[in-house]
Structure formats: structure tokens, C-alpha cells
Amino acid sequence: MQPTTKIHTNGLSFYYGKMQVLQDVSVELQDRRITAITGPSGSGKSSFLSVLNRMWTEIPGVHLQGEAHIRLGGQLHDLCDKRQPAQHLRRKVGMVFQTPNPLPMSIYRNVAFPLKLSGCSDRQQIAAQVESALRRTLLWDEVKDLLKKDARQLSGGQQQRLCIARSLVLEPEVLLLDEPTSALDVAASAGIEDLLLALKQDCTLVLVSHYLDQVKRLADKVYRVDNGRMVQL
Amino acid sequence: MGRLLARLLPGFSWCCALALTAAVATLVWFLLRGGLPAFNADLLFGGTRAIDALLLRRQVFDGLFPALFGTVAMVLLAVSLAVPVGVAAGIYMAEYAGGWSKHLLSLVFDVLAGIPSIVIGLSGFALAIVLHRSFDGRLGPCLLLSALALAFLVLPYLVRSTQTALEGVDPLLRHTALTLGASKLQNIFLVLLPNRLADLTGGIILAVGRCAEDTAVIMLTGVVASAGVPDSMLRQYEALPFYVYYMSSQYTGPEELQKGYAAAILLMIICSLLFVLAFMAQRRLKSWLLYR
Amino acid sequence: MFATLKKNIFLSLACLLCFSLAALPAYANDLDLFKGQQGVIKISGGTAHIPVMKEAAKQVMSAYPDIRITIAGGGSGVGIKQVGEKMVQIGNAGRKATDQEIEQYGLVLFKWAIDGVGAVVNPENPVHALTSTQLQDIYAGKITNWKELGGIDRAINLYTRDEASGTREVFWKKALNKGDIIASANVVVSNGAMKTAVANDPYALGYVSVGHIDASVQPVSLDGVVPSNETVKDGSYPVARGLYSITSGEPQGAVKAFIDFLFSPSGQQIAAAKGFIPVR
Amino acid sequence: MPILSRTLERLFFLAAIGSALLTAAIFLLLCQLGKPLFQHGGLGTLLCSPWNPGHGQYGIYPMIVGSLSIAFLSVLISFPFSLGCAFFITHFGPLALRRKLLNLVRFMTSIPTVVYGFVALFLLVPFMREYLTGGSGLNILTASLMLAVLIAPTMIIFFVDSLQRVPLSYRQAVDALGGSPAQQLLYVVLPMAWPGILNGLLLGLGRAMGDTLISLMLAGNAVAVPTAMTQAARTLTAHIALVMAADFASMEFQSIFACGIFLYLFTALLIVALRLVGRLSPRGL
């Protein structure tokens, strides 16, 4: 595995109960690149993402075959091993969903939430990190006076940027994006796309999307999933 | 046949609805007519001064206060015993149990929910005998035993309401905190439970109501006709539902009967208030209240 | 007709008297028995005793809040068994405990009042007299209609007590001469409940402690003798019994004080006020 | 932190397993305390012989008959009635009234059982005595009527739930074909919703069987085997309450454990039946 390789799988198969969702997937994802994954809906794109942050362990009936590794902080982690704790890994592998999913709490608390989870209690440090995350997602100027407001009152685009900010606050090395713009209008989508290009500087991005033009604009490398197999385009 | 039935059904259905309304209206009207005249200062405290009774300085003899006190004490005790266990078991059922063990456990809880309350009371009484024999007569039917039996009675409701509340959490929300690196427990306590607080509260309040109205369990486990305000959990006590039952069959004059009516009204008011509270909790109490 | 009226007036007067007596405060010196005592006295058993127990408890607990008295029913059988098993401190019984019970549990019996058990009907019922044969036939299910007894054409609604009842036992032994009680009779759980049931049912026949008889029910004379305190006292009404309070072993402390209180002038006055014949 | 979380998780597990084990423990306790009775006369005698302590008979047959007849009669009365109310809420009532009736039904679930019994004792019993059943008015029919009112809310709420779960598109299909609400109900909704309705029926039966206060206050508690609706009867639950108030270490007392065991087993079988009904329609209709 090359030092520039962030994620690497070899002969990976994904089973949901008896159903095989992914078959013999062997891919290499490079550091600080945007890798896009396309394919028809239900073909296993999201399942692939769930391997990368070990969310598959939370879904009853799922089991894996083959190899999958991720390099975090210079160390290799086995993604297929159910016994390893997932929390630490997930703090370094952020995820953004198709539908913006702010937690039912204030804007500030949403962004501070991951810090709270990881046991950080220094208020000043939290405030600084929240501000920096919101600045990175270009949200700070819009919400700096509304920090105590319920996050669910923001617009769809703002909510999605908030969710990205929430993932960024832990300074992840990898960011998984599951069709992050499909619930948004054109203007909001454009804003998110710009943001993703900027994030490429210090983050590995894995983008699931079925908008081919979006993939063309953003991706350095494209895979297509079809019938459970993944091929590079 | 089918056409005739189709003709008759709407009319029949109207009749049923009217009959039901009439039944409830009659019930309420009859109770109010019989019991309202008894609603005065003496109803609760008899001849004792209210302030003395409330501060437990003096016993109340001809009032409902001891029964009311007994009911409240018993319900509080029972619910504080049942809620931690019920919620914990509900969390286990929703978040940890799986496969055959989940099926088996939920079958057992269904059976427990279905056991007649008098059988629970009987078991409580049997337990009292065993305790009585093994602890040299110091333990017997008492407030604590009633509360234990009642806690057991409402346990399955609490388990079920916690379980369904947790299982009803939107999958996206369920996974959100996990993708941010939350542990399972952090997810349960920081996201899932607060998000379902309204349902949980509603379930608990309904359990309180169930405790307050039950008569069968307590009549086997320590309620008596006359006891005064209990000064310890190991005492026998009076309770409103038992008072209503007792008065219905052995009032000695119109005045006592009127008190029976009044006690029935009082009990109904308590239970309906709890019910309305549960109703409102399930609708209004939004989880964000707790995040501010 | 005239006789009924007179009886009713008499009964009402008796009731009035009872109420006024009940309102009288206890003799202060009788309550001194409880000086320095504290603790819990659990009482259960005989339901005829309950009014007396309640009044006594009220007086004692008012004067000495450190003493707590709880009162439950259940019937004489329960009282005897529970005091024997030491689940209560005082078990009440409307019958004498059997020798076997006394021996098995080491019971000590205190008879503080005399009572009778009388058949009662609803005040609307014109039938006011029965012979013991008639009564036995009714309870055996041979006579089932009031018409056969000179009343209206309605079925007799028979009420009886559960097996633990001392009242039932005494009535069964002395009034029914150990004859059968038909299984289809309605069962009620206490003297109070019996009185209430008969008072509410115009076609009822039941039996109740004489002390519980008031204007709401009509006593039925048995072989020409009306059950009342007078006839029980002079022995002309045969269905009589003692009211017992029973302890397991010699009573101590507050329990002893309570038993002594029952025998004191105040206690005896309560018994009389509640319609029983005091022993002193 | 891991220690704390492991402790908590272990506590969740203990709570669940403990509650389940206690449920089983109840059964064992009942069996243990009722054991002398089984040895004495055998289970068959116990279940089939009459109650006559004077002659050494401690059978609970009359109470079984009493319990079953009161429970089934009340379900029989309550079922069509509850179905009618449920139809009102889902199909026939004016929209403004539907919600109100449903709320009334929900409110009824909060009325204490003893209050139902209390009112019936002073209202229904004299009425039955004078106009319908004769006798004392304390009989199977009176208790069943009141029990029918008591279990109606349970059944109605369940029925409404299962009627409303029939997909809207099916119902709209009937509307589009010009069918009346009653036809829609009869030909589409009922055939699809019947497992849910059966479920509600069984739940109602369970409640009726397990209720103590109504039958204790209204059924007359006679120990004879009832042969008609107008006769007094004693239920298993009332028998427990009556004898419990009565004795301690005797055969009478032990017989109530037989009642407890019978009720427990009945409940368990009913729950299993409910599970099987649930299997009838895996989609949960």
C-alpha cells in the first residue's frame, strides 16, 4: 500500500443477511483527492461508505469478506474487524448524509456536539473550534448572531453546510459524502461544491453522487458501482 | 345480505357511538350528583385542622386525607421502583437484544402485561408470608410490598413504551451521533432518549395512572380499612380506590355513602388529570426544551 | 302496621342515642392506660367488631399519636389465623376459637361484648316473622318465593357470608341448626356489606350482627322472638355469641393497654354505643 | 469511561433478564404454594369438583365456569358495540365528531375500574333487579354488561388502529368506483383488517378474564355452578379476593393458588394465540 493511498480494499464483499450487496471490490483511494462513486440507486454505494466509517457494524445482519484498510495518522486500521472500537475511527472519518441531519438542538451545540462526545470540556477551546469550523464552511457570517437558534430553522443549504462543519470540527482526515446536494436547490448545491473543492486541501473526500456533471466538475477519480461490482471509469 | 348490511351499518354505528357517550355521561353525572354535596373542607380532613393534617401533626379520622396520602405515597414509591428498571430493560430490548432472545423476552413481557393484577397481588401476598416466616414476623403486608407488586404490574408497560419510543427514532437521527464518533451509550443518552422524552414521559405518567387506580393488587398486599397516615414504608395504609370499594359495600349511612361518591370523584379527577398530562406530554413536550 | 311504626320509631331513637353517645369524649383516665406506650397495633378479623375498633382507635390515636392502630376486616377465621401466625397483634372473632386453634397458636381470648345474629330483610318487605323451620328451608333452597311466606310474588334473594365469617358460623349453628346453605346464595364479605346489600335489595334475606341492625334493615323475628339487644341479653333470642379480641400469648405493652381499654368504662361505652351488649 | 459504560450496559441486561426471570418466578411461587392441593386430590378433581369446604371439597370448577361465562359474555356484548364505535370513528361519523369520540374513548381508559363498579352497583344493579333479570340484580349479565363497557375502549382503540392501517389507496379506489363508505368498509377494509380486529378481541378477552373488581362487586359471588345469565356467579379473580380476605394455611387458601395458576396459564396461552394471530398477516395489517 502506497503512502499516498488513504483507503485500500482487496476482494471486499458486503453481505446484508444472505443478500450480497458488494462483490469482490478492490479499490485504492488517494489522499487529499476527491474520489467519486456513481451508479444506479440501490447498487451498494451507501453500503460501501458504511464500510469506510465502520457504520456497517451498527446494521444488524451485515457481514464482510475480504480486506479493507484505512490509513489514519499514519497508522493502518482494519475496517473489516468488528471487534475494534469504531468511535475513534469515526472521529477521523466524518460523514455527511443526503438529507441534512442537524440534531434537534441549537446551531452552536450541533457543531460543539462531537467535541463534547470526545470528552473535551475546555469552553474556550470549544468556542474557537466551533467558530473555525463554521468559517471553513462559510457559514460563520450567516449564523454568528443566531448560534442559540434551533438548527432546524436554517435553510436546507445552510443545514447541510452546518452538518459539514459539524464533521469538520474534529478535523477529520477523511470525509464521506452521501449525495450531499441531492436534497438541495441549484444555488445551494453550487455553494456546497465550492466548499468541497476547498476542503480537498487537507482532507480525503469520498463523494457518492449520481449527477454526472457534478462528478465531472469535482472528482479526481471516478468509480462506478453496478450489480455490486465497482469499476474505475 | 351484503346490501342490507351496508344499509344498516351507518345507523348501527351511530347508535353505538351515542350509547357510549351516554354511558360515560351517565357515569359522570351520577357521580357528580351523589358526591358534589360532600365536597367541602371536611371531606379531606374531617374534624382535624387542614394545616395540622398536612404537616402530619395530627391524625385525620373522618376524612379522605389518609387514603389520599396513602395512594400518593404508594404511587410515588411504586413508580420510582419501576421506572429505572423498566426504562433500563426497555433500552436493553431496543438497543441490545436481538434474534431469538429478543423474541423470547418480548413474549415474556407480553405475558407479564397480561397477568391479572389480582394474581400479581396474590404473589405479593405469598411473598409477604414467606418474608413473615423468615424474618420472625417483622415483615408482612405493607406499603412497600404494595409498591413492589404495583411496580411489577406496570413494569411491562414501561419496558414496552421505552422500547417502542427508542425503536421509533428515525434511522438517520439514530446514525448521526454515531458517525460523529459517539459511543452506543452516548448515542442513547445524548440523542435517542432526549429525542423521545415526550413519549417516555407519557408512558411513565400512564403507568402512574395505572398504579393509582389499581385495587386488586393492593387489597392483597397491605391496604386496610383504617390506618391513618403511615409513618413508615413498612406500615399498612389506606388508599382511595380501596376506600371507594369499601364504602360501596359497607357504608353505614347516607353521609358515608356520600363520601364514597366523593372519593370516587376524587380518584377519577386524579386519574383523568394524569391522563391529560400524558396526552399533553406526548404532543407538546418537545425534546428541544431540554437542550437549551 | 302500628307495630312496625313503633319499632321504627324505637330504632330511630336508638340510633339517635347511639350517635349522641358516640360523640361523647372518652373518660380521660381510661386513656391513661396508654401513657408511655408507643408502637403499632395491627387488628384484623371479625367485621362486626370494626365500628367499635374504629372508634376506639380514633380516641386512642387522638390522645396518643405515637400509637398507630390499623384495622382490617376479613372475617373471624382470618382474625384467628392471622393473630396465630403473628401477622397481626389482635385478631377479632365473632365466634370462640376452637380448642385446637387455641392450643396450636397459644391464643388468649378476651370477650368484651355480647352480640346476636339476626335474620334481616328490607324495610319494604312485609314479612317480619319466620319460624326456624322456615328459615332453614329458605337457606336450604326449599322455599324460594316470598309468596310462600305471605309476601309478594318475588323470588327470595338470599345473601350469606364467606366461610371465614364467625357470623355465618354462629347463624349456621344456632339458627339453621347446621342445615345446608344453598350454593347459589349471594356472598358478601362483611356485616357492613350484608346490611348494605339487604338495605338496597327489597327482596333480600340475609343475616347480620344484631349490633349492626338499624333503621335501614328490618329484623325478622325467629319463632316469635325479635333479635335485639334486649332479647339477646335476657337469653330469649337464642342466636347469641360473644365478641372476642384474641392475642397470641398474654398481651404486652400497647396491645395490653388496648385490650384493657376495651374493658374500661370508655371501651364498654363504645361497645354499647355501637349496638352491642357490654360485658361489664 | 469504558468501565462505567460496561457497568451500565450490564445493568440494562440485568434489568431485562431480572424482570423476565421474576415473571417466571411468580409462576413457580404459585405452584410451590399450591403444591399440597395437587398432591391432595389431583389436578383433575380440583378443576372439576364443586366448592364446598363444609364437606371437604375445594374444587374451583364453579369459578372457572363463572370466569369463562362472564368473560365470554362481556366480549360478546362488547364486540359488536366496539366495532360500531370504531366504524363511527373511521367511516361514518362527521369529521368533527370522529376525533371527539376517539378522545372520549381514550379518556375512558383512565376511569378507574372501581369507579365503574361503584356506579354500576347503585345504578345498574337496581335497574337489572326490577326490570330485566329479577333476583338480586347481582348476576352474570350485570357484571358482563359493565365489563363490556370496561373493555370497550381497549377494543375500540385497537380496531380503529387496524382499520386505519388499511392503505389509503385501496380505500380511495372504492371511492373512485362510486362505493359508499359502508361498502368500502365491508368489501375492502374489513377483509384486510380482520387479523387486527381478532387481535383486539383477544386482548379484550384477556382484560375481561383478568378483571377482579367488577365481578367481585356485581356478580354476586355465589359458589354454585351458574346455569343461566341471570344467576349469580363467582369468578376466579373474585374467589382469590374473597378467600384471600378469609384464611391462611388451610385448603381454602391453597385453592386460590390453583386459581392463580389457572389465570396465569390462561393469560400465557392467550398471548401465544395473539402471537399466532400476528403471524397471520406478516405485514401487520
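Chains here go by letter, A, B, C and D, matching the order in which they are written, and residues are numbered from 1 within each.
Just so it is clear, contacts are C-beta pairs under 8 Å (C-beta built on N, C-alpha and C of every residue); 3 or more make two chains touch, one makes a residue touch a chain.
Keep in mind the model is a prediction, meaning the values are calculated, not measured.
A.B. asks: Taking touch as defined above, what minimum step count separates subunit C and subunit D?
C.D. replies: Step count on the best path from subunit C to subunit D: 1.
A.B. asks: Need the central chain here, defined by C-alpha centroid distance to the all-chain C-alpha centroid.
C.D. replies: B
A.B. asks: Give me the two chains with the most inter-chain contact pairs.
C.D. replies: More C-beta pairs are in contact between B-D than between any other chains.
A.B. asks: Whole-Å distance, subunit A centre to subunit B centre, using C-alpha means?
C.D. replies: Each chain's C-alpha centroid was found; their separation is 47 Å.
A.B. asks: Would you mind pulling out the distance in Å between where the CA atoms of subunit A average out and where those of subunit C do?
C.D. replies: 82
A.B. asks: How many angstrom between the C-alpha centroids of subunit D and subunit B?
C.D. replies: Taking the mean C-alpha position of each chain, the two centres sit 18 Å apart.
A.B. asks: Using CA atom averages as chain centres, what separation in Å is found between subunit B and subunit C?
C.D. replies: Centres of subunit B and subunit C (C-alpha means) sit 36 Å apart.
A.B. asks: Tell me, which residues of subunit B touch at least two other chains?
C.D. replies: Residues 183, 249.
A.B. asks: Which residues does subunit D have that touch at least 2 chains other than itself?
C.D. replies: 122, 245
A.B. asks: Would you please name all pairs of chains that touch?
C.D. replies: A-B, B-C, B-D, C-D
A.B. asks: Where on subunit C does subunit D make contact in their complex?
C.D. replies: 73-75, 77-78, 81-82, 84-85, 154-155, 157, 159, 162-164, 182-189, 197, 200-201, 203-204
A.B. asks: Any idea which subunit C residues touch subunit B in the complex?
C.D. replies: Touching subunit B: residues 40, 42, 44, 47, 50-51, 53-54, 57-58, 61-62, 65, 68-73, 85-87, 188-193, 195-197, 214, 216 of subunit C.
A.B. asks: Can you tell me which positions in subunit B touch subunit D when the two form their complex?
C.D. replies: Contacts found on subunit B: 2, 5-7, 9-10, 12-17, 19-21, 23-24, 26-27, 30-31, 34, 84-86, 88-89, 91-93, 95-97, 104-105, 107-112, 114-123, 125-127, 152, 155-156, 159, 183-185, 209, 212-213, 215-216, 219-220, 241-242, 244-245, 248-249, 260-261, 264, 267-268, 271-272, 274-275, 279.
A.B. asks: Under the touch definition given earlier, write down the residues of subunit D that touch subunit B in their complex.
C.D. replies: 5, 8-9, 11-16, 18-20, 22-24, 26, 29-30, 33, 80-85, 87-89, 91-93, 97, 101, 104-119, 121-123, 149, 152, 180-183, 185-187, 206, 209-213, 217, 237, 240-241, 244-245, 256-257, 260, 263-264, 267-268, 270-272, 274-275
A.B. asks: Spell out the residues on subunit B that touch subunit A in their complex, using ranges where they run on.
C.D. replies: Contact set of subunit B toward subunit A: 98, 172-173, 175-183, 186, 190-191, 195, 286-288, 291-292.
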